[in-house]
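The same chain A turns up in both complexes below, where it pairs with chain B and then with chain C.
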Partner chain A sequence: MPGARAKQIAALFAAVAAVQLLTAMTGKAFYLTQLTMTAYYTLVIMGLCMLMGYAGQLSLGHAGFFAIGGYTSAFLTTVDLTAGKSGPVISLLAKLSVLTSRPDLYGGQVLTVQPWAAFVVALAITVVIAFAIGVPVLKLKGHYLAMATLGFGTIISSILLGTQRFGAADGISGVPAFTLLPGVVVTGGSSHRVMNYYIAWGLVTGGMLLLMNLIHSRVGRALRSIHGAEDAAGAMGVDTARYKLNTFVLSAVFAAVGGAFLTHYNGGIGPSEASIMKSVRYVAIVAVGGMANLWGVLLMSAALNFLSLRGYFGTFDDAVFGGILILIMLFSPEGILGADLRGMVKRALGKNA
Partner chain B sequence: MPLLEVNNLNKRFGGLQAVKDVSFRVEPGMIKAVIGPNGAGKTTLFNLVSGFLMPDSGAVTFDGRQLHGQGPHRVAAAGVSRTFQHIRLFAHMSALENVMVGRHVLSSSGFLAGMLNLPRTRREERDIREQALATMEFLGIGGLADAEATSLSYGQQRAVELARALAAEPRMLLLDEPAAGLNMRETADLAKLIGRIRDRGITVLIVEHDMSLVMNISDEVVVLSYGEKIADDRPLAIQRNPDVIRVYLGGEDA
Partner chain C sequence: MFLELFFQYLVAGLTYGTIYAIVGIGFNIIYNTTGIINFAQGEFVMLGGMTAVSLHAFLPLPLAVAGAVIITMIIGGLIEMTFIRWLVKPSVLRMIIITIGISILVREAALHFWGEGVRSLPYFTGNEVSAIAVGGVRISPQVLWALGVAAVIVACLNLFFKYTMLGREMRACASNRDAAALCGIPVRNMVTLSFVVSAGIGALAGCVVSPITQTQYGIGTGLAIKGFTVAILGGLGNSMAAVAAGFILGILESFSIWVMPTAYKDAISITILLAMLFVRPSGLFGSREIARLKEF
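Then we have the complex of A and B:
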């Protein structure tokens, strides 16, 4: 029902606003920083939820797509093109106002790619790479697919770590603010905190609306049918290979948007964003949220990412997500929200209950 | 011109020649059956026609178009719909949603249209729902629309699967052992139903074990034995065919 969907989206927005008001009233506005970062990680996880929960395909490489988005934006908006200014390509780009001249950290002037242009390029690169990886890899099933996507994540991670131009182990810093519209700027710093909280969660809300629409459409039904019985879906005319591929690319784009925005927000990005443990974390959150349950996944992502970013898990941060994954797979493959809690208690108490 | 034409089809699995040089034709508007003892190659033949298997050699032509080597979704788009011997309904979806997937080939909204939920997309979605429901009502299972498909009884699940195949408005319906697991009464109902489906102008190719069903409803019957076609005739002639009798009842040495 479209009416129910609109209500859910409105409820999400109300919750977002309520949290902001709560932090303002309790004097904890500094929480908004982690909540903003949480929103960008949630974008990755929402896309992955479509891929895992609805199309039934596992990816252990989505941190790679997050990093591709983030690093492309970071690289293009920080690399100084002044030296090539007289060349035909760069002067043409400058004329098309793809480039922008701005002061750098040391008071000099640098000529770099304008953030909007960098963002568009980041998404384009992500789409191309996702197609190139997806075509061969999505022919695989089960743990073969998991291993192949793990391989992809490892490659991206090693390339970023081993390339000096991408800052190697330090990553890229000094990434400028991203002016979406006049007055609407993605940037860190406490004066822009509330605005950025709303930009980030506005993206999540918009993304939720798009994905909820998709799930309830002909395409969403086809995806669920692939998950339900792939051969029968094919017999009903669903081009299963293409639908899996498109969902893979769509989820990669969600990851890249999250990566690019978080990079502008943080003013930089490091190679840890591409690490395998990040991919495992995303998978764990989709699993704990109930796989084919966008709202459950959203809720779990908001809670766990926030706790993690606030440092509640301490040095066990990665271990917590590994542990969550093990526990969910063992006891509640339907996720926490879909769990048959009474049944679990009964089983745990044994025959006497 | 025949609607479906199968020419010299061959399929080998390792050392087993599952289908050997099989040819037959299905004229439009006809009910044609493929029978044979277990292991005769019926299901393999069925999967070759529906695009689930690639033949080693030979051709499958539907309405003048080549079907072999096309993949199931293209076969479906060409107007050939199938059911499965072992019911393959979509889990975690209602019976109606299952049948709605049947209309996939008749609709077109893609990823972008789905995400943006444009007015055209909403209209198409409403149309899909209404037509799917109408198909379920034609089969007398309109009341099951909201039930979770895989929670239904065996006979009901068979009916939902048939509705899903019919929702695609195919020109040809492939039925893989539709009477498997049905009692005599249900089988008789099924026979009437297949007749009604043919009366809608849909050509039917049926692979079946149940002799009474096949002999009752078929216009023509193909008999397979060890992957080879040994007869292709009207049901009455098939019943008198000495080769067929030998295969089914055992020959002189039996």
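Then we have the complex of A and C:
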């Protein structure tokens, strides 16, 4: 029912606005910084939810796509092309205003790629890599799929850590603000805090609308049939390979968008964003949200990422996500919201009695 | 000079190959009895090394190593009993995620218990500089220890699986769980035992290579990926082939330093892993027909 979906999206937007008003009234506006970052991580997790929950394919490498988006944006908007200014390619790009001249941190002038152009390139690279990886990887199942995607994530992480041009262990810093439209800027300064909060959650809302429409379309039904019984879906004429691949690419793009925006927001990115632990964390949140449950995943992502970014888990940050993974998978593979709590209690009592 | 360097790289490759091979065998033992890939396999190696270093503070080296192996075996058994034993026909996805969760918890526990520091056991015989000259190549005695222990582990496992009742029962579970249960084999105990055994050999390997490669709380994940590469390269479930595959991977990695920056060394094994998965998932030595019948 399209009407119901519109209501849900409106409710999401109302909740986003309510949270902002609440922080403003209680004088906790600084929470918005973490909430903004939460929104960008939520984008990755929503994409992964489509892939895991609806298409039934596990990926332990989505932090890799997040990093590809972020690092491409960061690299292109910080690498100084002044030296090649007289060359034909760079002068042509400068004329097309793909390049932009701006002052750097030390007061000098640098010639770098314009953020919009960098963003488009980042998405293009992500799509190409996702296709190239997706075609062979999605032929695999179970353990092999898990290990192959884990391997992909590890390669990205070790390339970033081992390459001086990407800042090795330090990552890339000094990434400029991203002017989406005149006056609408993705940047970390506290004067832009409220605007960025709405930009980030606006993206999440838009993404949500897109995915919900997708789920309730022919594509969504095809995906669910693949998840349920791939062979049967194939026999009924569903092009299973194509649907899986498209979902994989779509989820990679979601991750890259999150990565690129967060990099502009934070003004930099480090190799820890590509780490396996990050990928596992995304999987944990999708699992705890209930796999094929976009709203549950959104809710869990908002809560857990915010708590983690505010440092509530302290030095147990990774352990918390590991623990969540195990507990959910042991006791309630349908997610915490779908948990049959009454049944569990009854069973536990019944066993003891 | 060239030949000398060549042999030094070869020896380094063999040393790392040993540990990859043993992690690979650990994967195979558990996979064979349960059909599970235990993503926490590398953590056993880390636990073995770390525990031995701690025990060595007040115990002589042989006792510390023995103690570490026993403690890790107990932990392996407890992990299985707590997280896996009571699950009724869990899906593959569920098992993957649970073992990944276990590996994170073990690693984090090690981080809180031992800290971030890099530790290592002392050399079993001699020290860092002592070396045995073999045909002009200087080899650390610890390398011989590692190779020797690996050989003993492989030989013992072979005897265990071929000639003891327990080993045969484990193999029976591997080939057909239901049939094994009908014959009165306690399948669940065999699964626990497979975790205990693979924890034990992982821990022993972790101790033997600790003086050379050193031990830190976070080494498990990397070892797990490499061990899995080795298991796939040899053909999943084939322990003897995993040994050969381990040496192949170790040597390839070692020689890669010649042509590529060291930082990319890890990318080698993963590239091999991906290539194998895409092209020949049955392994170098495995048969395609059998692979098709297995459940992944």
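The rule is simple: the second predicted complex is superposed on the first by the 349 of 353 C-alpha atoms of A that agree within 3 Å, B and C clash if a C-alpha of one lies under 4 Å from a C-alpha of the other, contacts with A are read in each partner's own complex, and residues count from 1 in each chain.
Assume a residue touches a chain if its C-beta (ideal position, glycine included) is under 8 Å from a C-beta of that chain, and two chains touch if they have at least 3 such contacts.
Treat the numbers as computed from the prediction; the structure is a model and nothing was measured.
Once the two structures are overlaid, the count of chain A residues touched is higher for C than for its counterpart among chain B and chain C.
Contact with neither chain B nor chain C is seen for A:Ala200 once the two complexes are overlaid on the shared chain. By the document's definition of touching, neither partner reaches A:Val257: not chain B, not chain C. Legend: residue contacts after superposition of the two complexes on their common chain; A:Met277 is shown touching chain C, with no touch to chain B.
Contacts of A:Arg218 after superposition: chain B is touched, whereas chain C is not reached.
Applying the stated contact rule after C-alpha superposition, one finds that A:His143 touches chain C and leaves chain B untouched. Note for the complex: chain B touches chain A at residues 50, 52, 71-73, 75-77, 81-82, 84, 88-93, 97-98, 100-102, 104-105, 107, 109-111, 113-117, 121-122, 124-125, 128, 164-165, 168. Within the complex formed with chain B, the chain A residues making contact are 2, 210-211, 213-214, 217-222, 224-225, 227-229, 231-240, 246, 250, 292. Here chain A touches chain C in the complex through residues 58, 60, 136, 139-144, 146-148, 150-152, 154-155, 158-159, 161-163, 168, 276-277, 280, 283-284, 287, 315-316, 318-319, 321-326, 329-330, 333, going by the rule given at the top. Put simply, chain C touches chain A in their complex at residues 37, 39, 83, 87, 91-94, 96-98, 100-105, 107-109, 112, 221, 225, 228, 232, 261-264, 266-267, 270-271, 273-274, 277-278, 281, 295-296.
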